[in-house]
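Same chain, two partners: subunit A is paired with subunit B first, then with subunit C.
So, the complex of A and B:
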């Protein structure tokens, strides 16, 4: 009896977990689903087709992807050297450095976006992809650095020393030792930087100034007055990359559960 | 973080990183290698400079604008006018402050209680899939989760349809107002659902690092389930849970999208009011928006400092 209750509780939990996806599919791919019908009666792909031919949605997808890819590459490049020294070395002022890196995680994006709004207008960065990328780096950088530095904390530098003693060049050491050993953490850090940028609403709105349209902005607009089918399709498009990423890293998350939990 | 999908999670990472910083033993490190290693400050410089310049600039601009230097229209009328207007006794600020506090405190409290129960339950019923289940909510950014709640719970939403099919209600207005309601129920439901996994992970981490002995001893001495929870588990996890709960509070208190999507126009949450002022066509209102944003930031920072202190103490 007891295992039965446990199993059914778990099944219920999993149902709740995928319920939002089922809901978006039900609304997005049905038509004329009026109150009080409990389930959609007529299925169609017309809303989906319309979204794929809608220039605003396509621009939103393209700009959102471009920004998120640039942000994840840049935050990886900036975070890697910083994470390495934070994870492997001990130096004066390290505690202060941790606190400064901690800052962007608690300062609300609302305050950051509003504060930078005029400055970016003056610098001509408002409404440009580059301006939005710069703003997105603020929330992504700390996360990338924390993920990589806790991986570096478990990293044994002696492998590099050994390669050096065996006559490897710095480039060879970097590619064949450092990068290779850090690959899993690098993948996780990049994916999460991508997700943070992909789902930014406020910073994109306040720095993009209505010129840079991404999916969260379109979805937000649809949520305050669009029809449920459109909302369903836009939600699906928006949530697809995060769902894929989490499902893709699921094996890492379960296999190295304890390690990864440490990183959160 | 994601819009802040991850902000509370980031904060925990920071806490752990700060905790671990002092605990490492240094590897074999012959002096000849120091020549090939760059200074740590040089490696940190690019990332830290970017963060500090952006945060510093945004703070300076926020203060300048709140005091009336508005550079867009070249008007500089330096005064505390915006502060007086925003904090006046009849200002909407007070309504929004009370509303935001109500929503954040209630949601944080409920999420903490549920997280404690779920964590204790999961600790007794281990399964591989739990980690995935607890991380799965990262797949749904706050905006999407809020939209899903809207489609589920609105008066013509899925649950209302099911209720009508079951004959419980006959028209949409008989379904209770659960989202876009005056009391912030929708917003509270959202954050309770979204933050339980995060807090559960925190509690689980503590539970799994504790020796099982106390619980067994208490059981042998005849303590029942409730007594063990009350006198063994809760004191063990309290500092970590409290520290996590404070971060959650700060996050809820300062976030915009969810109260904007799931709230009503009056009373509205503090961040919603702040952005409303900031985007007002009347540029004088911008300063008031900045004042509110500075107040929100100050409160959140204060809470974060207390949380960090607790996290250190829990060690």
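So, the complex of A and C:
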């Protein structure tokens, strides 16, 4: 009875997760699907072909991916030292430091965006990829810092001391010990940064000023247009990179998770 | 083979009111194994961290063969640490763990393989090169950690309570093994422990460290039978002291009266420590007998470790 229940629950979970995707596929690859017909009357790839040949969509895909990748890398570079100190050390004013680091998650993005827009216009960063990247770092950094600092709180520096005593230089220790030990958390932190940046709408719109177009902006435009096929295809294109990233990182996580379980 | 000289080492951690090491000095001969014995929090581990370069002393110096090492980068000092936990890298297998230090020094992979094999034979675990560290038992993990430390041919091996997390039988076995290997390689070793019997079983000399200071430093049997001060005596298991004036082979102790002394040369105010195993309970009153009543009895037994199968392999 127990295995039956767990299997059923698991299948139900898969269904809930996959149902929206099935709906997008059904809408994106069909025409003339009217209520109360349970399935589309006709299947076609014309909307998909059109999207693939649409320069705006391709630019949105390219710019969105570029921004998300740069944001992920920068987030890690900035979050890593901060998280190490926050996770491993205790110092006066640490609570205040946490508050400052987490402020972007409670301040409304509209307030941040409007303020940044004025500043970036003055600095000439508005409407540039770099400007959008900087803006995206605001919502991504708290999550990457939190993910990495909780990993550092469980991290034992004696692994590094051991490597030092065995003759490894600080750089060798960083590459061969610290990064290897932190890989699962780095993967999760990268995943967060990528997903948050990839799905950013408001900050991209405000800082990009219509010059930087990413897929969420096109998706919002398509959603207000009301064509189910276009919405379906653009939604699929929007979902595809995160799904690939998660699929890749899940495999990595399982591999490193085993190593960690063996140690403890 | 390295002679270690530590002079007037002083260390206070930031935000701490009292120093963890006060004017700490110690001299360790070539190939000697010195046990550093003391309760928790007396600066034993701090001393090892200072030698390894993980922490910096406030003052004092550490010399390897007459040369100060404080200005030497920690990874070039040749002082290897082994902790209570094995700290084997979980993402590497046994062979990669043992070869880690050599790989960092740029040694060729063929040499590393040969050295790892030699080390595994030495620690009595041949053929486990490809095993994951998660599949090792506690004792095996510590043996591999020992091999990883020894393969780099360090000037000084520092063992920070490496056996305290192991079962008694495994611990006794490993005590013997570490001692045999240390003797065979002639490597200067500092062994930190809070366990008196372990320190006595393993060391050539024993230093008692109390509140950041060395209160006694001598051969284990000397420290055990003739501790130089009351604090050290208490630490080696004495809790009965007689204090009074000695002269002409007699001690006038205020609490118990006159007691006959073996050493007739002692004159003046002195304190005598009486080891519990030297007290004999009997009905008749004779010289040096004190009247008393037995209030409770505890059954205690001692085991003596003999050569194990493993240690026989090391020393043919």
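Everything below uses one rule, namely that the second predicted complex is superposed on the first by the 225 of 264 C-alpha atoms of A that agree within 3 Å, B and C clash if a C-alpha of one lies under 4 Å from a C-alpha of the other, contacts with A are read in each partner's own complex, and residues count from 1 in each chain.
Here, a contact is a pair of C-beta atoms (placed from the backbone, for glycine too) under 8 Å apart; a residue touches a chain by one contact, two chains touch by 3 or more.
All values reported here derive from a predicted model rather than from experimental measurement.
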Inset, instruction - Pick one for A:218: touches subunit B only (first), subunit C only (second), both, or neither. - result: neither
Inset, instruction - Pick one for A:242: touches subunit B only (first), subunit C only (second), both, or neither. - result: first
Inset, instruction - In the overlay, answer first, second, both or neither for which of subunit B and subunit C A:177 touches. - result: second
Inset, instruction - Once the structures are superposed on A, label A:145 by its partner contacts, choosing first (subunit B), second (subunit C), both or neither. - result: first
Inset, instruction - Based on the superposed arrangement, let me know which partner A:161 touches: subunit B (first), subunit C (second), both, or neither? - result: both
Inset, instruction - State whether A:169 touches subunit B only (first), subunit C only (second), both chains, or neither. - result: second
Legend entry - Touched subunit A residues, subunit B compared with subunit C: B
Legend entry - Interface residues of subunit A shared between complexes with subunit B and subunit C: 156, 158, 161, 164, 170, 260-263
Inset, instruction - Would you tell me which residues of subunit C are touching subunit A in their complex? - result: 49, 52-54, 74-76, 78-81, 83, 85, 87-91, 100-101, 104-105, 132-135, 148-149, 152
Legend entry - Contact footprint of subunit B on subunit A as seen in their complex: 6, 10, 13-14, 17, 19-20, 23-24, 26-27, 35-38, 78-79, 81-82, 84-86, 88-91, 93-95, 97-119, 121-122, 134-135, 137-139, 141-143, 145-147, 149-150, 153, 156-158, 161, 164, 170, 192, 195-196, 198-202, 216, 219-220, 223-224, 228, 231-232, 235, 238-239, 242-243, 245-247, 250, 253-254, 257-258, 260-264
Legend entry - subunit A residues touching subunit C - in the complex, by the definition given at the top: 156, 158-159, 161-170, 172, 176-177, 180-181, 183, 256, 259-263
Legend entry - Contacting residues of subunit B [partner subunit A, same complex]: 1-7, 9-14, 16-18, 20-21, 24, 26-30, 33, 36, 38, 40-41, 43-44, 46-48, 50-52, 54-55, 57-62, 65, 71-72, 125, 127-129, 131-133, 135-148, 150-152, 156, 158, 160-162, 164-165, 172, 201, 204-205, 208, 247, 250, 254-257, 260-261, 271, 274-275, 278, 289-290, 293-294, 296-297, 300-301, 304, 308
